[in-house]
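This is the structure, below, for whatever I ask next.
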Amino acid sequence: MKAPITLLAVVLAAIGTTTAVNAALPDPGMEIDRARTALVITDPQNDFLSPKGVTWGVVGKNVTENNTVENIETLLKTAKAQGIQVFISPHYYYPTDHGWHFEGALERLMHDIGMFDRKGALTTEGFEGSGADWLERYKPYINDGVTVITSPHKVYGPETNDLVLQLRKRGIDKVILGGMSANLCTESHMRELLEQGFEVAVVSDATAAAQVEEGDGYEAAMINFRFIANTVWTTKEAVQKINDAK
Amino acid sequence: MKAPITLLAVVLAAIGTTTAVNAALPDPGMEIDRARTALVITDPQNDFLSPKGVTWGVVGKNVTENNTVENIETLLKTAKAQGIQVFISPHYYYPTDHGWHFEGALERLMHDIGMFDRKGALTTEGFEGSGADWLERYKPYINDGVTVITSPHKVYGPETNDLVLQLRKRGIDKVILGGMSANLCTESHMRELLEQGFEVAVVSDATAAAQVEEGDGYEAAMINFRFIANTVWTTKEAVQKINDAK
Amino acid sequence: MKAPITLLAVVLAAIGTTTAVNAALPDPGMEIDRARTALVITDPQNDFLSPKGVTWGVVGKNVTENNTVENIETLLKTAKAQGIQVFISPHYYYPTDHGWHFEGALERLMHDIGMFDRKGALTTEGFEGSGADWLERYKPYINDGVTVITSPHKVYGPETNDLVLQLRKRGIDKVILGGMSANLCTESHMRELLEQGFEVAVVSDATAAAQVEEGDGYEAAMINFRFIANTVWTTKEAVQKINDAK
Amino acid sequence: MKAPITLLAVVLAAIGTTTAVNAALPDPGMEIDRARTALVITDPQNDFLSPKGVTWGVVGKNVTENNTVENIETLLKTAKAQGIQVFISPHYYYPTDHGWHFEGALERLMHDIGMFDRKGALTTEGFEGSGADWLERYKPYINDGVTVITSPHKVYGPETNDLVLQLRKRGIDKVILGGMSANLCTESHMRELLEQGFEVAVVSDATAAAQVEEGDGYEAAMINFRFIANTVWTTKEAVQKINDAK
């Protein structure tokens, strides 16, 4: 109990808000080393990002305000141009998943509205253009034969898929993270990647979340990203750092 | 894309706020079966819960408002009285942990202020009464020889300790979750327990969080608990459900 | 150091081999409760089990001697008849997996011989009848819409797929385990399931392994199953226990 | 199914045994980069390595033949001299662990004979010189304040402790692995480290195992190390490679 934050707070109060913000919570930052850094995008799928997707009614406003669709594309384009490896962690449900005995609140909702549904693990019937498919404009980047498409995560984090292994098998230990949705899969990916010893920079406007009467998922995520990640960047900052990296 | 939330929202708007809240996000609930349910408390330690702890300056107000200290004790007392097994997941740092090459924001802060520091994994020198020790009033419940004290988690979640195994080795698949701090270790425990296939009921006033200029950790946690957990209870509700369970 | 095994060994030597075997290593056994028990089969795929598969030259003799192909089918048929849930954990490699920077010995070999290769995670082109496909005779059991087909594991164990979650989401905590190959994926599944707090009964003749100049994989697995699992059954014993269970 | 091993085997048979061995199972090898490589030792504790330990009756002969005690010390000494970081993953059981509802065969045996027992997670009473304590001769290397002592693993692998995080937090991605016992904790560490994307070189004579009527644990481990690890070295080879590394 040697250096109470209370003291810190007093000092900070004395020197003004902006400094206080920086001083109170450190911002460790993250240096990009191109060979060891990946862009990871969670759930870049129609059900979150298309006006026809099943969740547009609750995420559409936030997606639009953040310019999320364009920002994710900008990250994909920049990473490809600069030789940063890209990993996509999708979310799919198969018919057997509807036999689960219990679910958390959003899991229940996603199952009820048929979100991310596919007809099976070993068939692509009906997949093209469905809510589970990639947003059309991302396909050139994701389906180029180089981008690593992991197995689907089945709750929110990468604990149930091969993302961590795929990153490690390529010597990656730093992740630039974006995608949908901010306080669910994106945040669970950030948390698990940190538990596994990665550095994570979250891109705050390359994501968005449901804003409902029970709460603003985007606001919650922004607080937790700032508290937990190694650093938080805007898309503009991320692009510049990728371009400047060696 | 068969049952868009937009439709749901329209319906909800038509029938009024309270109903809307319940309808928009389902509340799956959790039935307590005493033999299969545990109380899990994260970080019931001085550095979070004592006015002398290193974080009291940023969490003290929220701890006081929520009546967190008393509520955690009420949960411990009720669980013991009703034969619900209790598991404690503590947070300790050893001198070698200060040799880590990188840290997220709050990890950096915790290290800087000497939070949860112990002199080593195999010594208890200086531990008694330190910031890493249990809050004094909890010791009769935690040190009774029955409560399971897991190894320390080293980031925020139980990925780095034996909590999941200890629960499973006793046939537990439902968890009542409280402790500190709401949006860090408590939330990471909730998320990981769900990934591991547990049902989790979070107790909203048996926790608290840092409230700083960068954001209100308690507010973020409350949003995410509501979105993600199987259900959210107050201490009063949790006590009644434990007492009513068979 | 209170009850040295040396004493045990002396006693055992005095009472004869058969007793000694049982006495030296306990056999904890596993009671089948139908609602909480699953049959898990690893890699029931052509590349291991078909004479046309890429590994038949090193596993074929053992597969034939053990009657592995028929025994796995007997387990599948019995489980389906008795309402025991079935989970299949397959092994697939995608073109991007050939970009890994390093591999263990057998991983290297599997990649070199094109084992379990598919054309991509999101295409089934060329899959039907390939080395990665199910053995033809198992298809009625696996493709019945009820059997849970997990995402592929990518090294040997279920750490990189959703098997553990899929089991837990259905209240399963006991596993009857068979499949290919004994000392690689089957053993890694046994070990990880135990770490995750499952009870595991391995079926010794519903598996087989590579037998090469460097060593007999089947012999290694049999030793480790006996040391580590909750119990080891033959197919005949497993069938009787499933039929007798409630 | 393009390059069947059968063909390989025919070719190999034609060119003689030694070549065949190398050809049949590749040996990917592991380059040591001092900053990214660690020495990891499992269970260097009295209950395995001291003639007074509870398992000496079944492991003593193999420990003596392999020169295991001296070889582990040689590895520790060499690593310290050359600036290779050392991590120890111990095995402890606490009184509450004896309340587990089920165990595998060796877990049951270890509990029955009081192996690795300590009086609690937060007391060192009775620890000094007990079966759970380090072998006396290793203490200068392990207790130097630099070696990282992880939390105990609770089954066989590092899934239940912080080893993976501790390695990653220091930029380690290659592991030289030794310790006790070969086919239990050492092998489970090898398997899990590979699943987590580490390269692993196992040191074949810096380990040993139980040899009982049910099977020879050392033989099983040697087969699996050869099949699975990136490479297998003797202590002599490991020392030379560490000394030659940059």
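All chains are identified by letter, namely A, B, C and D, in their written order; residue positions are counted from 1 within each chain.
Here is the rule we go by: a residue touches a chain if its C-beta (ideal position, glycine included) is under 8 Å from a C-beta of that chain, and two chains touch if they have at least 3 such contacts.
Remember, predicted model here, so these are calculated numbers, not experimental data.
Chemist: For chain B and chain D, which third chains touch each of them?
Modeler: A, C
Chemist: How far is the middle of chain A from the middle of chain C, if each middle is the mean of its Cα atoms, in Å?
Modeler: Each chain reduced to its C-alpha mean, chain A and chain C end up 35 Å apart.
Chemist: In whole angstrom, how far does the Cα centroid of chain C sit from the Cα centroid of chain D?
Modeler: Those two chain centres are 24 Å apart.
Chemist: Counting only residues that touch at least two other chains, what does the list for chain D look like?
Modeler: 102, 155, 159-160, 164-165, 169, 171, 195-196
Chemist: If every chain is a node and every touching pair an edge, decide which shape results: line, ring, star, complete or other.
Modeler: Shape of the chain contacts: complete, all pairs touching.
Chemist: What residues on chain A touch chain C, complex-wise?
Modeler: 94-96, 99-102, 120-124, 127, 145-152, 154-155, 159-162, 164-166, 169-171
Chemist: Sort out for me which residues of chain B touch chain C in the complex.
Modeler: Touching chain C: residues 164-165, 167-169, 171, 173, 195-198 of chain B.
Chemist: Along chain C, where are the residues that touch chain D in the complex?
Modeler: My answer: residues 1-9, 12, 17, 20-21, 24-28, 46-47, 52-58, 102-106, 108-109, 112-114, 130-131, 155-157, 159-160, 183-184, 187-188, 191-192, 194-196, 199-200, 210, 212-217, 219-224, 226-231.
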